[in-house]
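Both complexes shown next keep subunit A, but they swap its partner, so subunit B is in the first and subunit C is in the second.
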Partner chain A sequence: MSRQAGRGTEAKKVSAELFTLTYGALVAQLIKDYESDEEVNKQLDKMGYNIGVRLIEDFLARSSVGRCHDFRETADVIAKVGFKMFLGITPTVANWSPSGDEFSLIVDNNPLTEFVELPDGHQNLNYSNLLGGVLRGSLEMVQMEVDVTFLQDALKGDSTTEIRLKFIRRLEDALPAGEE
Partner chain B sequence: MADEALFEFLHMEVVSYLFKTADEEKCIPILENMGYRVGHSLAERFTKDSSRFKDELDIMKFICKDFWTSVYKKQVDNLRTNHQGVYVLQDNRCRVLTQISASKQYLEAAPNYLAFPCGLIRGALANLGISCIVTAEVQNMPACKFQIMIQRSQ
Partner chain C sequence: MTGQRSSKMAVCVAVISKENYPLYIQTIPTEDDLKFHYTVHTSLDVVEEKINNVGKTTNDLRELYLGLLYPTEDYKVYGYVTNTKIKFVVVVESSNTALRDNEIRTMFRKLHNAYTDLVCNPFYTPGDRITSRVFEKVVNAMMLQDS
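On to the complex of A and B.
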């Protein structure tokens, strides 16, 4: 895979549109395939999960991020390195729970929804649900079980998109051999 | 500004989703249609500032150079035509195939991954006023030939 450093911004922009449009075509197909929005959400989450478990490899290989020592560090890496690398945006980390095991990612300009308007009758559809799956899948590969929910969605009239991540537990058993 | 890896993974996921859920013979047309939609919109966005194309060949050159570069980060390696409405685009390192194999192994899976690119080309050309049929042919991965047959309205 070629990863030229000097890739023009124009080319990057285009590849973003390719991704956004392809994602749109996928959601449209899923809506055709399934009766309810909940089923579509579930399917998007599943596909996101499958992407996440692979994407983490790409991410770790290309960023020099080591193991995170707490959930706050994880949040920073997700927002400032992960989102930046793959979607070119930096969401804000906010609304920490007192115990530090829950936070929100505030996404102001969600690239996935660039050309999207949600028609009536899809109030339960989480258009960007794929993102939730990606987060869940990639974090599971670094031994963190998290719960991802969408609290706000700009497509449904909220001012921003808010993704809530809740740390459930460390997956001790899944630790690869040789690691502490 | 989505990273290309993200697109590649998404494409793989879409292919695997369809082959798990839809009937086998319906998968390719569905993928092709999705590509068509995307190609149609992309062509519109790529050409919004460019001048009018001179002729059919000019459009084909646009597909080989600009469109291909934008989508797959490289140009088509070879463009041939019989001057009667058939064009063959040869890509020696087709990006959707490079990660799969560099030999005849998994050759049977190649059509699944090429349906979407075929649709992309057909959609882009449709937006530029050319209605056509696009098929792909692979003999040895990752090289691939796309054949474009233009349908002239009598």
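On to the complex of A and C.
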């Protein structure tokens, strides 16, 4: 019996509902602990960032996509491969800025927000902010600094959820001190 | 506007917690709220009786749908209990003979599904009063169905 090389191509299946409920419990607990929506948004972003920097390794190992040549390619890979692999959905890439360094991901049915209704009094809460952090963290690991914002949020009454990614700059690998 | 009452489905829908306090009561606006609150409250006794009865007599799994709890001269009251002791009570008009048992069962199934979705909302604590707009929509669809 041979061990499968790498992690194999099939992801182990976990119930989608368990995932949604886990994320929901996480956000609810954060709200209880921090009380302020802004603080919770920040924490979600930080947690997402930590997930992103690790997730990118898993993604690159499993998907075998090469280096992206431009930002457009990056956008397509994120939407069609990344989101598909981890969340099972394929958001649409849209609203490119004229300079080609900003685009939007339109997410129609976000698995994180199934069954969720935002309570009154928490209108500033970015429930899916973890996703923003994940995108930021994973792109930073491939030398791209991006800024992620939520333009529309289905939970807040908009028709869909729109995530805006803006390319800031390419990150040069920082050489450790003392080396050339 | 003529009173096309026979085309309506339910006149009152209530959700009751396992501690027997109401989580949600919705009545059609033209009727007197209090009368229905009373009707639902008294029907709880019948529900309790039905739950306790089946446990003693048979080994069969109790069905969730309890059926007609009791008829008054104007209304018929139906009940449904989940395995977590959440009770749903639906009151329909006696004159509404068009309503069949199957349709009542379907109503309860929809209610149960709506309740399950509600409980999956991380911001809803089981035992709280129900304020979810999505749940209200499901109930309203059940109450005012003009064919």
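In the analysis below, the second predicted complex is superposed on the first by the 159 of 180 C-alpha atoms of A that agree within 3 Å, B and C clash if a C-alpha of one lies under 4 Å from a C-alpha of the other, contacts with A are read in each partner's own complex, and residues count from 1 in each chain.
By definition in this document, a contact is a pair of C-beta atoms (placed from the backbone, for glycine too) under 8 Å apart; a residue touches a chain by one contact, two chains touch by 3 or more.
Only a predicted model underlies this, so the values are computations on that prediction, with no experimental measurement involved.
Trainee: Touch test for A:Leu55: subunit B only (first), subunit C only (second), both, or neither?
Mentor: Touch partner of A:Leu55: subunit B, not subunit C.
Trainee: Let me test your reading of the model: by the given contact rule, A:Asp33 touches which partner, first (subunit B), second (subunit C), both or neither?
Mentor: Touch partner of A:Asp33: subunit B, not subunit C.
Trainee: Applying the document's definition of touch, where does A:Thr20 land relative to subunit B and subunit C: first, second, both, or neither?
Mentor: It touches subunit B and subunit C both.
Trainee: Can A:Pro98 be said to touch subunit B (first), subunit C (second), both, or neither?
Mentor: Once the two structures are laid over each other on A, A:Pro98 reaches no partner at all.
Trainee: Comparing subunit C with subunit B, which touches more residues belonging to subunit A?
Mentor: Of the two chains, more subunit A residues are contacted by B.
Trainee: Would you sort A:Gly121 into first (subunit B), second (subunit C), both or neither based on which partner it touches?
Mentor: neither
Trainee: By the touch definition at the top of the document, which applies to A:Phe86: first (subunit B), second (subunit C), both, or neither?
Mentor: The answer is first: A:Phe86 touches subunit B but not subunit C.
Trainee: Touching A:Met47 in the superposition: subunit B (first), subunit C (second), both, neither?
Mentor: Only subunit B; A:Met47 stays clear of subunit C.
Trainee: Per the definitions at the top, what is the overlap between the subunit A residues touching subunit B and those touching subunit C?
Mentor: 17, 20-21, 23-25, 28, 115
Trainee: Residue numbers of subunit A touching subunit C in their complex, please.
Mentor: 17, 20-21, 23-25, 27-28, 114-119, 122
Trainee: Okay, in this complex, where on subunit A does subunit B touch?
Mentor: So the residues of subunit A touching subunit B come out as 1-2, 7, 11-26, 28-29, 33, 43, 47, 50-51, 54-55, 58, 85-89, 111, 115, 130.
Trainee: Using the touch definition from the top, list the residues of subunit C that touch subunit A in their complex.
Mentor: That would be residues 117-118, 120-124, 132-134 of subunit C.
Trainee: In the complex, go through subunit B and note every residue touching subunit A.
Mentor: Those residues of subunit B that touch subunit A are 1-7, 9-11, 13-14, 16-18, 21-22, 30, 34, 37-38, 41-42, 45-46, 69-71, 73, 98-99.
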